[in-house]
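Note that subunit A is present in both complexes that follow, paired respectively with subunit B and with subunit C.
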Partner chain A sequence: MSLLIRRFVPTKTCNVVLKQNEPAIVVISRRKLSIVPSMYDGERDPAPKFFSSYVQKLLKRLTRPDFSKVFRKRTNSGVPVLKTPTYKFLTSDELELEFSKARLKADKLLQMPPVVKVHQKIDEVLSQDPALVGYDTAKYLFTDITFGVANEHRLIIERDPDGFLRSCDHDVRKRLNQVYFPLKGRSIKEPLMFSDSEKFNNLLDREKYEFVLDRACVQYEPDEPNYQRVTSITYQHIDMNKKYDLLRSTRHFGPLAFYLTWHQSMDSLMLELLQSGAVREAVLLAALRYAIHSDIANGDVAHALTEEIFPSPVQLSKPEQLSEADIDLDNKCIEFVQKYIVSNSSMKSQQELALQGFREYYQQLVELSRGLQKAHGKV
Partner chain B sequence: MYVYAMYLEIMILTGCTNRPFYHISVTHRRRLNSQPVIEQLGSYDPMPNINNEKLVALNLERLKYWLGQGAHVSNPVGELLGLSGFFPIHPRSYMAAWRNRRIERENMAKQLELAEKSETAA
Partner chain C sequence: MSKLLSLGKVLIKPMNVVFRPNNFTPNLQVTLSTSSVHNVNFFNKLPAEKLWKSVTSVSNAGAKKGRGKGTGRIRIRDLNRGQMIGVGKINMLWPGLSAPVIRGRELLKQQRLPDDPERMEKLIKLRDSMTRFRRLRLNPIERGWSGSKMPGRSIGPPDPIGEDEFTGFDTKVLQLRSILIMKGSLGRTRNYQAMVVTGNGQGLAGFGLGKSKEAPAALRKAKNRAGQKLMHFEIYDGHTIFHDFYTAFGRTKIFVQKRNEGYGLKCHRAIKEICQAIGIKNLRAKVEGPINIQHIVKAFFIGLLQQRTHKQLAEEKKLHLVEYKAENEYYPKLVASPSVVRTKEEIPKNETLDFVQYVMNDKLILRKKKFPRFYETMPHYQIFLKKYEKYRNHEKIRLNLKVEHGDIKSFLTDKYPEPKEQEA
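On to the complex of A and B.
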């Protein structure tokens, strides 16, 4: 086995020869230890928290939607010839109208896949008839194909060879729904990219996170254990490698942030936010933690502060000039984050360092913009 | 009345050579094979799939409608509806189960006899 591994991934293994009483060759794989998936299968149900309008707002804002990424050309499959863009002269009112249309469209594209609890096994016996034992060696599966019934409410039952009439379990239901009412892009057999861990890890190593998550959305239902296993491994991989930017402006960032916060491991995301100078988003993240766990020291301030942040425009790049209102808000945010780091953070020293760096940078920016204002004679 | 005896729910063999597949349809009683059916209500695949399952699809809503119109049900369809719990179990299903159990019992007895014979011979 070790030889096989060495042949396929020669760069990722190294040999250690131990010369003790008896010679032994130990092959240590440098491939990352397999990540243990953690699902939403505990006592608490994440759905009411996730779907609450406040948390949705927080998550959407944390996504930091950049329209040039949201509306990027992803594929031309199904379109034989790419459409040429049209250019128009518009008045500012018409332009505003177009922007509001684009915002609605982006909202639709960024709708987050739901976060729900893992489903329970269906184990319901409808009737039993011992006189039917021996009728057939195969199971009979009955599907009600009545028009206009949703997949999750469809009647699907089985007659077992032992004469029991049962409701089918989720995996059989999904298979039969796919047989009679196929969804585009979903396959009846689990795709190899999910079932074969070698292929799955390869995808993760190549950082094809969005592809994996999109495919998982099509292939699985959100309450399936397999969906939660795949997404959880992907989220943890992103978190370990700090590749949050790859998911920003996509619909998967919200569930990622929710997952990390739910499992109390959002501090490296917080660190990344502070290092990139997004102090307002750091406040939003802390507010998210307060909304989910309510375990933050100064949580009561969080809600008011986030309500101040929501109307301000999304900061896609570092600002060049600051207004007095911006400075005021940012100072409040810095203070809030400072308190959070002191009382609740698990990466105190690193985050404090990052915040200190941001503070110094910000001080320079404030001086610059105030000086500019003065030079223009506006103060 | 005559009109109520006109309709019949039957299984119609489709598929191809060595691959049976049935449509469960409602038709006129004296339909020719070249004529179309009135409505298709479901399907039945008698060959077990890779998981040893036989798939049956039934449009229960339309089935109820046609039963309300006085349609008759053929024996094979009646057996399927019985197994699905929509009808009471068809008597033919019980007969088939009983015969299969008897055949199995006889086979077992034969095997036992053979084993005893081979033992005594040895």
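On to the complex of A and C.
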């Protein structure tokens, strides 16, 4: 084990601690819109719910992955001219293999940032040596830089001028980890776009949600209070402006849906789903609420219904023709959503109206597709 | 003092007396007389035209040797330019000629004004400016490949035929040259030959060759002929060709390569003009062999015509054609499918399946090995690399400090400021 010693002037570390607490206070006081960030810091831990396979399935399906958006051009990655495309002649089998590889890649690209509880302060005294009091004016930091140790399990301790040997807190750990094992894209100092509330609000007003969330993933750990502050303000901003479509087909839609459901404010998302005619996804959202809070009247039906929905293909646009199985499933979904609105919704009248509109549209579609079937003599 | 002044007057007077007869030139006296004088100056005898000819003309033999051209050539100057009637060497005021007769209430009188010393200098300057050759100035937008020459310049759409107009078309001159031809009766005569390309930037283009006695007529003929020979080319994704290809005309060979958006046209200027006429925006082409413009144009058009679309390629191969783009994370995009797809067993072992090799008709481009630059093998280059290794990230650090602190300083600058430079 190799140990590296860093001397820290005590006043400097004091600054660091202050700086980390500062922005959180500033943001709350200065904001005009006054979105109050709500973190996962209560009694309940969201991680077991979030990581359960059923909830993951629900969230991935709610993301509505459209491959043309998942694999879209994002940056030129520092190259001034795009690379020349390559071509291949493939047989049908090879093509199917390529598509299945692409689906795996899409799964990787859509892997959701974890939703976990905010970490606790580390306050662990390892030893107390009164003989060392006043030995030096500086603080000594010891880091175990053995290769292959995960950053969160790395041994980082400090010897204070008052003779205490204690484990470092999260902010010091993060700085030292970044010094010895830098992560690409993460800076030691918090970027201005997060620490300066004016710049942060400007980004939100320009609807650069994905950029903010992507950078937050690089800059912070998921259990940091700052990460949860930034993401929660962003999610609330999206929810207020109903810009869910900007996050669809990205890895951030799952955590957004989870956040809204966890904080019991998913009804405007539900309304948007009903207005856009995605009644199956509305069922999934209600099922998500049941999985997290178990507070839906007809929750016991939800699991069976979602299991029916999962095998059906993702509806990227409104269907033009319907099969009898589709009609059957959709009718079940409409019934389920109707019950949900009556018993649990907080936006009853609006959702009622949206569902009614969808019903009328759907009725026409059913008649049209049945008429077509009849005209083709297939009934 | 007064004595001195008077002495000066005395000194001047006799001089005036002495020089006055010389001011009246003998010629003036002669012109007044009716009898002719033989010793007259030819400057007065001959007209300006003949005098200038005697200075500027070159003998027939000299002209054949190329004398009287280029630098040192004497040009005719218009000596009347910048001169006005009534204004001359002696600055006189002539009422009714160089000045009004009545100014205010005063009747002006003929009088001598103080001499203008700069008048002659101005005239000489003006005359000197006529000696230099003045190039035709063109607006930068209208310029072609080189100066005011025609190649590369736009000459507008072809003339309408009946009521059919060539809307959206533009013609670019690729070549304009004079050629000498022998005629039975006239001997050697000069002809002009022009090659142009016309196109609408949306797939339609054609080239034409015109010959005439005059350059404008040759250009017009070529332009109208190009308008008659339009060809249609499909453009992939609205910006490039379908695949790499090799094409040749005579001994001129062209290797054309497909490129992604943002690459631009990196090729011979004639090929660039053709691409712009067709509407191709990204491509790389390398010309090998003779760079005869007519051959290049013909070879490139042949190559474009011989292109196969993705649908055709898929049908030929009876296989799916899939595109992979780096910017789309190499997502397999199906660009063309044949009506019948072969299975793996039906493909013979020696068939070329590599796309580039197939579209190049199994022709391999010789890619020469890149040698290290001459300085890279020298010892000083190693020293340079070692010396500058520590500066390799400074640019990024400076930028980051500017972002963080608004200036090139760190959190330590306030505590330990930089020592101020002492003024020398």
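The rule we apply is simple: the second predicted complex is superposed on the first by the 336 of 379 C-alpha atoms of A that agree within 3 Å, B and C clash if a C-alpha of one lies under 4 Å from a C-alpha of the other, contacts with A are read in each partner's own complex, and residues count from 1 in each chain.
Quick note on the criterion: a residue touches a chain if its C-beta (ideal position, glycine included) is under 8 Å from a C-beta of that chain, and two chains touch if they have at least 3 such contacts.
Here the structure is a predicted model, which is why all the values come from computation and not from measurement.
K.L.:
Please work out whether A:Phe71 is in contact with subunit B alone, subunit C alone, both, or neither, and reply first, second, both or neither.
P.N.:
The second partner, subunit C, only.
K.L.:
Check whether A:Ser127 is in contact with subunit B, with subunit C, with both or with neither, and answer first, second, both or neither.
P.N.:
Touch partner of A:Ser127: subunit B, not subunit C.
K.L.:
Scan A:Leu82 for contacts with subunit B and subunit C and give back first, second, both or neither.
P.N.:
Second partner only.
K.L.:
So, does A:Thr91 touch the first partner subunit B, the second partner subunit C, both, or neither?
P.N.:
A:Thr91 sits against subunit C, while subunit B stays out of touch.
K.L.:
Tell me the contact category for A:Leu192 with respect to subunit B and subunit C: first, second, both or neither.
P.N.:
The answer is second: A:Leu192 touches subunit C but not subunit B.
K.L.:
Go through the superposed model and pick first if A:Leu141 touches only subunit B, second if only subunit C, both, or neither.
P.N.:
A:Leu141: touches subunit B, not subunit C.
K.L.:
Can A:Phe99 be said to touch subunit B (first), subunit C (second), both, or neither?
P.N.:
second
K.L.:
Do subunit B and subunit C touch any of the same residues on subunit A, and if so, which?
P.N.:
none
K.L.:
Where on subunit C is subunit A touching in the complex?
P.N.:
243, 257-263, 314, 317, 319-329, 331-332, 334-335, 341-344, 347, 353, 355-356, 358, 400, 403-404
K.L.:
What residues of subunit A sit close enough to touch subunit B in their complex?
P.N.:
126-127, 129, 131-147, 155, 157-159, 165, 176, 179-180
K.L.:
Enumerate the contact residues on subunit B facing subunit A in the complex.
P.N.:
The touching residues are 42, 48, 51-62, 80, 83-85, 89, 93-94, 96-98, 100-101, 104.
K.L.:
With touch defined as at the start, can you tell me which subunit A residues reach subunit C in the complex?
P.N.:
Of all residues in subunit A, those touching subunit C are 67, 71-74, 76, 80-95, 98-99, 101-102, 105, 109, 187, 189, 192.
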